[in-house]
Structures are given as C-alpha cells and as structure tokens.
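By written order: A, B and C. Residues from 1 in each chain.
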C-alpha cells in the first residue's frame, strides 16, 4: 500500500515532466499524451522487453494508465500553475527514481541475472523514460550531457547488493537502497555536485 | 483473401511513404530500404515486442518482405511519377491504417489485455511505423505535432469494443471498426478538422 | 576460443567507436559509457528482442560487460592517442562486423526463420549498434547516407546460404561467410567503392 502510493507519486511526476517537455515542443494533444506515457513507463518497458517480461508490466496494470492520463490532462490544464508545484514535483520525481531503481533491480534478480546487470536494469528503469522522451523530442538526452540521476541509481544499486550480503529482510534492503538513491540525488542537487568533467576547461 | 489484399495495399502505401521521406533526406539505397521497412512494419514490431509475440510477425510472413522490397524499388524508380499516384496512395494508406488498427486491437485481445491497452496497441500498430521513420530521419514525429491518424484509430478502437457488447460476429466487428477509422480519417482530411489547439493564438 | 578472441576485439572496436562519437558530442562520463554499450551491443539486442531470445544475450555473458567498460575507460584516458591506433581499430571493427553478421544469421537459423530474414538479422546485428548510437547522438544514422557496412554484410549472408547448399561443415561456412564480409568491406574502403547514387549529379 505504502509502496503503491510512492509508485503513483513517481509516475505522476514522470508523466508531468513529459508533458512539460512536449508542450515546450508545441506538440498537439496526442503528442503530449504519448510523451507523458513514454516518460513514465519507457524505462520499465525497455527493461521488461530486454529481460523477457511480456506483456510489459504496465500493460497488465491499469492503475498506471489511469494515473498517466489524469496527470497529463491535469498538467495541460494547470500548466501555468505548475511552477508553484516545482518543489513537490522534484520531490515526487526523486522518490520515483528511488523506487524505480529498486524495482528494476528486483526484476533482474527474479530473472537470475548478475548483480551488475541488475544495477544496469535499475538505472535503466529510472532513467530511460527520460532518454526516450528526449529522443522523441529530437534532443540529445539531457542525462547524457549533464548527469542528474544515474550516479544516484548506481550507488543505490551497489547498496542493495552490499546489504544482501548481511541482511535477510528483503523489504529492509528495498527501502534502504531506495533511500540511498533519494538522498544521494537530493545532495547532488543541493550541493551542485557533478561528475568530474571529461573535458579541459579551455575546451 | 480480401483482408490479405487490403493488408498488401496498406503495406505498399506505408513503404512508399517511407521511401519518399528517405529520398528527401538524400539517403542512399540501403537507407531508403531500411526506412521503407521501418515505416511499414515498425508499428507492428513494437506491438509484438511489447506483447511478447516473438519472432515478430513480419519475420514469419515473407509476403511483407517481398512487398516492401518491391515497393521500395518501384518507388525509387518511379519517384518522379509518384505525384500522379498521390490520391491512390492516400487511399491505400488510409485503408492500411484501418486494417492495422484492428489487427493491433486483436493482438491485444488474444493476449488477454484490457480494452484500453488493446486500443493503444491498435493505435501503435497504425501510427508508430511513421514515428520510427521520423525518428530515424531526425525529425520530431509529425504525428505528435499535427495529428493525422491517431484520433481516427482511437475512435475505431472504441467502436470495436462497443460493438463487442452487442454483436457476436467477429468479422463484422473487424470490418465496421476498420471502416470507422477509414471514414473518420477521410472526413478529418476533407474538412481539415484538427484537435483543439493546446496553445493560444498569440503563441 | 579463437572466435571468442575475435568477438572481444570486435566489441572493443565498437565500444571505442561509440566513445569517440560521444566525446565529440561532449557527453559526460555516464553518457559516454551508455553510448559505448549501445554501439557494442545495440544491434544484437535489437535482434534478440525481435526474435525472442530473452534475457538478451549480453545480459547473460559478463565478458561483454567487462570488455565494454574497460574499453570505454581506456578510450577516454587515451583519447588523444587513439589516432595512432586508427588502423588497428579499423581492422578490429571490420573483423567484428564479419563475426556479428554470421552470429546474427545463426540466431535466425536457430529460430527457424527464412534465409532472407536471417540475412536481415545478420546485417542488423552488425549495423544497428551504430544506428542506435547515431540516434542517441541526434544524427541521421551515417549508414543510411553513406553506406559502409551493409552491402558487405548482405553479400556475406548470401555466401552463407549458398555454401549451405553444398557444404555440411558449419564451422567452415561460418568462417568463409565472415571472411567474405571482411574482404568485401576492406575492398570497398580501399577502392572507395560506393553504391550507385540515387540522385543525379546536379541535385
């Protein structure tokens, strides 16, 4: 129940972020809806397709579909007021990333995959909705240029497998690893930490 | 037999539309062929992969492959004369969209998915070949900016499930729902109907 | 063992080609790593997903993962010296294409698909990593404009099925078909052969 609320908050935040980019590109109602969907479920879809979980999970869980449609309609109607929600949206988004990362990791574990692959699947679940959104909007994915989520997801993933060595309680591991993602991302944003640049300043 | 003829006409129209966009981007022979394929079978491929119908259906039906190759070669050779075929192509394309929509819906039904998901799969089958074509040609998908097909597909999809409440004959439902897609699209184009804009005129 | 060495050399060459494009786009460390992966395993992933080999093959073979990570790190560190390795990289890349083509063909044969589909899968395995790389870097795929690999892959594919009519030794067929891809590509590059243009000179 608690996880489901978190999941829905994350989905809302992802869908709204898609709507905002789509409106910026002046897409029509259909385009806005598709971009909302792709942003919210694109990462999980890619994960499911690569692992072989088919039909992909959102297709068998109508909650996502209704939440995304409602978020998209709401975001279009209230778009001039969304700036007042920016802080809440950022928080939901961050919580969503934490949850998506752990859900992705567990999909990999169920499929019997290596921990590194599981961490990659967690990161993919959390980050590739945004990659697909940017691709469909004809932009180089923002996450490839100015890293926002990925390091947090990867650190959360390592935490997950580290804890598994010492702790048996899966729910506990789930929560702690998700919290690591969330806290790392909050710190990264608050203190404007970024990966060391690959390019010299004079570049 | 009748459906197969329609299917082939739709595939020809989709493949030729791919060729025209690829020539416009000055692609070479290989690029033109790939774009023809992607436009014709991309929507169905995405549907099959997400639902778990693998190998994807065009890979086990060589008719598509031959038709697409022949259409691509024909379109390249006759490209200066294709403008005279514009009306026929538009008609084939529209018929193809109607058929693809219903085929997509039925794939979803066979997989036991919710009606809304089935309608999404139908729309995806009809529309996402064009989305992938535009993506590979480095354009924002035209369907996201100036909606052409999607509303027709969605209305056809609702018709399909509405009829299912009252009618038992699947072939009849198939034909009527496909016709709704076709007629709606013809009306939309003839009367230049578009979705209400999300943007104020002054924008 | 011999094939595994070739496979690793090909993977290294593909990953490095991804790193170079990503650095050119000024991506950050995460983006560079993802593009290295996509270039190296993207073609095989697409093939596996369309045929239904899931989890996709690189996810169950950690060698690829380690080789790609090491290649990416190495290429970033030594990027100013990579120009001295250009000839070796070109050779590895060509060998990799030959191998990937035959591996892709054999995936299709195992799935019981038609020879033309198998050749398409071989070409996809060898070429679509680069297509996905260009897509994520917001470029029209270079292979669609200035054909580099595809003809070689297709000719190698025809050789494979031609030999199968006369020869029983699968390893022999594998090697010869791969060599055809390699030799054709070397000749194409050496003699600057290109497909006949679809466009008149005055265009």
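One rule holds for everything that comes next: a residue touches a chain if its C-beta (ideal position, glycine included) is under 8 Å from a C-beta of that chain, and two chains touch if they have at least 3 such contacts.
Everything quoted here is computed from the prediction, not taken from an experiment.
Where chain B touches chain C, under half of the residue numbers in use are shared by the two copies, so each contributes mostly different positions.
Least-squares overlay of CA atoms from chain A onto chain B yields a rotation of 120° to the nearest 5. If you average the Cα atoms of chain B and of chain C, the two centres end up 30 Å apart. Counting partner chains per residue, chain B has residues 49, 52, 54, 135, 138 touching two or more of them.
The touching residues of chain A, counted against chain C in their complex, run 49-52, 54, 111, 113-114, 116-117, 131, 135, 138-141, 143-147, 150-151, 194-199, 203.
Touching chain A in their complex are the following residues of chain C: 22-23, 25-32, 34-35, 45, 49, 52, 54-56, 59-60, 62, 65, 76, 135-138.
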